[in-house]
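Every chain is named by a letter (A, B, C and D) in the order it is written, and numbering of its residues begins at 1.
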Amino acid sequence: MKLYEYQAKEIFARTGIPVPRGRVVLSPEEAAQAAGELGGEVVIKAQVLAGGRGKAGGVRFAAGPEETAAVARTILDLEIKGLPVNALLVEERLPSERELYLSISVDRQAGRPVILAAAEGGMEIETFPEDKIRRRFVETRRGVHPWEGRELAAALGLRGSLLPEFGKFMATLALVFERNDAELAEINPLVQVGSHLVAADARLNIDDAALFRHPDLTKGQELGTQGGPSFVRLGGDIAVLANGAGMAMATLDVLESLGGKASCFIDLGGGTGEEEMSKAIGILGGFSQAMLVNIFGGITRCDEVARAVIRGRQAAPQLPLVVRLDGTNQEEGLRLLREAGVAAVSTMEEAARQVVAQTGGKGEKEV
Amino acid sequence: MSVLLNGGERILIQGITGRQGSFHARRMLEYGSRVVAGVSPGRGGAAVEGVPVFDTVREAVREKGADTSCLFVPAAGAADAAHEALENGIRLLVLVTEHVPVHDAVEVVARAKELRVRVIGPNTFGIISPGKGKIGIMPHEYYTPGPVGLVARSGTLSYQVAAELTAAGLGQSTAVGVGGDPVVGCSLREVLTHFKDDDETRAVVLIGEIGGTAEEEAAELIAGLGKPVVAYLVGRTAPVGVRMGHAGAIIERGKGTYAGKAAALREAGALLAETPWQVAPLVLKSLRG
Amino acid sequence: MKLYEYQAKEIFARTGIPVPRGRVVLSPEEAAQAAGELGGEVVIKAQVLAGGRGKAGGVRFAAGPEETAAVARTILDLEIKGLPVNALLVEERLPSERELYLSISVDRQAGRPVILAAAEGGMEIETFPEDKIRRRFVETRRGVHPWEGRELAAALGLRGSLLPEFGKFMATLALVFERNDAELAEINPLVQVGSHLVAADARLNIDDAALFRHPDLTKGQELGTQGGPSFVRLGGDIAVLANGAGMAMATLDVLESLGGKASCFIDLGGGTGEEEMSKAIGILGGFSQAMLVNIFGGITRCDEVARAVIRGRQAAPQLPLVVRLDGTNQEEGLRLLREAGVAAVSTMEEAARQVVAQTGGKGEKEV
Amino acid sequence: MSVLLNGGERILIQGITGRQGSFHARRMLEYGSRVVAGVSPGRGGAAVEGVPVFDTVREAVREKGADTSCLFVPAAGAADAAHEALENGIRLLVLVTEHVPVHDAVEVVARAKELRVRVIGPNTFGIISPGKGKIGIMPHEYYTPGPVGLVARSGTLSYQVAAELTAAGLGQSTAVGVGGDPVVGCSLREVLTHFKDDDETRAVVLIGEIGGTAEEEAAELIAGLGKPVVAYLVGRTAPVGVRMGHAGAIIERGKGTYAGKAAALREAGALLAETPWQVAPLVLKSLRG
């Protein structure tokens, strides 16, 4: 789960990371009021969960309530990478003397967290030359000590009181990372203001699988969190229901090579209940021309999938449906489908070809 | 010889009284695996499918000599149960549980390394050496003994491929799921080293996906493997920066693209399949070739 | 720093340890109100920082507001081990089915925390037979996992749902211990109510040296915390000012063997400032017949001690004073004292004999 | 030979720009100790008493080959600085700082054990081998070379006893303060093992106090030491359950009483002094005897 900048900054501040003074607002009027309270120049930032916000005009400066209201109105009217801007963060504009980059994320290959730091900030870390980035792996059980931050700061060329300051800062960011089960905690840019460091921007992505122990962070979450089916919206016209991320991606790849394209897919996690499955199927049907169910049951049981398909289909009974069931309790699943008048095909290849043909795809391309 | 399993394992099922634990305990017993004990805290003294249930791993190890654990405990308690296994002398831990928080996985994997315990998973279907035994949840009816070593990140997709291999008359020496999560105990690369030393394995099928660099690291071993490798990668059409399902496959920060992985594998000498049904023909070709 | 039971329970509850419903009150009227709110039988407990509260009549049961008010009045009038009772905790009376003991403390010899548990509770752990106590050392960096609690519970003979319950309970108590820099976290008794465990009593002692990182826990603390001089009240008539706990205890021992007895002592921690020292000396003078200053300066500097003695003495200029200074900056210290008209003696033995003689001790006993 | 020190140490002062750090750096240099570097984060490039100051231990070790650290960093940052020393190759760490939180001390001591680094303290006066060198804060004027090994929990009291020994013509081989805190890196017992193997040490003075069981554990070694031991214990008149000063001496849960310690030491063959001025005569007697 990605948090908005303002949410991330609230958590940062609570743990002891300095952030700019400011507040989140929903309207130009509120923005003007915030600017009045803050005084001086302010920065107005679109709160959207997408990168490239600055380039899209979602970050702008203003001075005084009047200008702030005007700028806020402009930004609220934007759509950034297809997302509407519903909220703004209005903050004091910091007299930044230097910009740095600092993040902690989980390194898959090393199997532990890694700290990345650079003596430049503001642009996406992907665009940094490799030799400008300093890396430090985290021994999680030992935690991150300030001295490790001081060593990293020294390697970045920081001197004087910024050294201990960076040390404390990094240790605190590591605490935020650890306590919130973060996948990513990123400050870009981390700015120097006098002899202090302030998190001018903040990203905090929480591990969905760990949300159960952070009830404060979850509100109104329905699909896409742990336990339930995982839902991904794409651009085409075939709804895909598969089990396992690998099988789901294989299905999408095969559809594409046959000339079709998925509208969305649901990965049924192992052990998803029938109720949840049928609800998911109902949702899928809503924005698709046809549906492909491609299941190879291991921990998932074909009979349960069959029941869910039969129930979920009631929401869109006219939608062309192609089902392929294999694996655990396959016979029972196929029997149920037969009784409900749903024909099942026997191989993944055949299923993919059928569904593409039904949505007007050429279905001819050889793979 | 087979890989990772030797058939002598004395298997403990953690979470044996749960729905998945009891179901798969029975399936493992059916397949001939030696399930000697179960653990379910507070249920000590019960029995599931004739297997005695204990309150703690300590008792299961002491009373039944368990040395291997297959773990089905739900995600919120999975790391706790895994640590219990690690600290009580279990030598091979198959962590079936899905949705284990990644910070928990980091701790389990780090501690296992210290104690030199082999961890497969989390989010794995387990290990099967057809005809010898299995530890995990794969539908074993689709597997048959033979010369192909199979290693995968994804569960269901690997069943699909195993079924295709079996249908084509190609049995499997061992099939291993390393687990679909970002942090796992045993890498694709590590499984390849086992296949290298395994006389029964004459060809290897590697099923990978976008995200991370596990396939690229595994690719480095292919040239020196001395056995043909057929790779099947999925996620070619996945959009950048979108998490593709639970497993967390995601292209981030320019790493883990399909193109990069495919190039690394191809350059290392692997044959690339583009659909599940292309795998078996390529294996047959490589074994003939 | 020892916390009161009600403070400890607040922290326990916040971290997720079940405690009885109840609240802290300061008067019989409030107690009656609390009893009314709680309903049924209540237990009324004196909030004092002393053991043996139960034997002293500080823990009693009552039913209904009227009886509660009467009992509260009685307890508020008590003095327990010399301490007045200023506050009471009024709680629901739990239908306890079993009493256990559970604590975590730092084991000096092992150099790490140790968990003690017993299948009986309610009495002081010192009185338990050794074979009834189960011990488990804590690998601090790994933290305490629930499974360790389950193993301990199994060793105590607990069965069924109490096993996982105890596991969670113990892991949570370990969190309380760690997060609060505790020296001791103790639950005695830990009671079973149905299939659940509840902390019927609670002790939490915080490491004084760590209070700087727990600003929420410290209010109105003056002496006795880290940094400042450490003050201990005793029963005799000689005020003792020494540096280092070892030197202080040696001084007390020597006084006693010469027939004297200290009224109180202050251990000047290394590096205590002159200001603090002179304040401490002023306090000491208040309840003593004479004062002994016994300093061997290492990190403490004799000249600073001399200045502090001269200043602090102004609060009690008539009090007989014996000073012995040795060590770092000794000459300067002795010179300052001479100029202020304070005679210093040259050895610890001589100093001790003089001060005992001045307070009427026989000073004759040979040591 | 001397104990713990060999005179070849390349000493780093952590917190060298502070009041205590700079004062005692000068005192150590005066005594001939080889202080090669100081660390004070943010003050790199400065010099204190001619000693170069670095921002990090890493630099001090790399530039000046420091292998020993004497740490004066204030309590709130002491553990952090100690870990920095441990992870950067320091082999002997003298932790002078008082009031280190006990949870911090536990972590430092545990990590030092893993890395096999010797930690003296926290809350120690350090180590002195009179005439050879010192690392710490003891007023060295009161010490002189000779045959008595001195080990103490308390600082000032041990200066008192050292002064009494010196006045009686009894020099010291090495004097070690293990530190007055509840959890320390090196125990009384461990120092006794060093004195056992030290040819220069002909008698041992042990200065203990109530609380804990360090004296009882040390007592177990006395019979096999081959050298006379004079013990001086304080806290005979301390009330039970009251913390006697900063150092945390306290009789708790029936453990750590004066009587118990005195009995253990006496039974092990130690001579017991009852005042500081009884120590030297007892040592003289034991050396003659």
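By definition in this document, contacts are C-beta pairs under 8 Å (C-beta built on N, C-alpha and C of every residue); 3 or more make two chains touch, one makes a residue touch a chain.
Source: prediction; values computed, not measured.
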{"item": "Rounded Å distance between subunit A and subunit C, as computed from the means of their C-alpha atoms", "value": "50"}
{"item": "Chain centre separation in whole Å, for subunit C relative to subunit B (CA means)", "value": "55"}
{"item": "Residues of subunit A touching at least two other chains", "value": "141-142"}
{"item": "Chain contact topology (line, ring, star, complete or other)", "value": "other"}
{"item": "Chain pairs in mutual contact under the definition given at the outset", "value": "A-B, A-C, A-D, B-C, C-D"}
{"item": "Contact footprint of subunit C on subunit B as seen in their complex", "value": "41-42, 44, 55-59, 77, 80-81, 83-84, 87, 111"}
{"item": "Complex contact set, residues of subunit C against subunit B", "value": "142, 145-147, 150-151, 154, 159-164, 167"}
{"item": "Contacting residues of subunit A [partner subunit C, same complex]", "value": "141-142"}
{"item": "Contact set on subunit B toward subunit A in their complex", "value": "19-20, 24, 75-76, 96, 98-107, 109-110, 125, 137-139, 142, 152-160, 163, 180, 182-184, 187, 207, 209-214, 217, 234-239, 242-249, 253-254, 274-278"}
{"item": "Partner subunit D, residues of subunit C touching it in the complex", "value": "51, 106, 108-109, 111-113, 125-126, 140-141, 178, 181, 183, 207-210, 212-213, 226-227, 230, 232, 234, 242-250, 252-257, 265, 267, 269-271, 295-300, 326-328, 347-349, 367"}
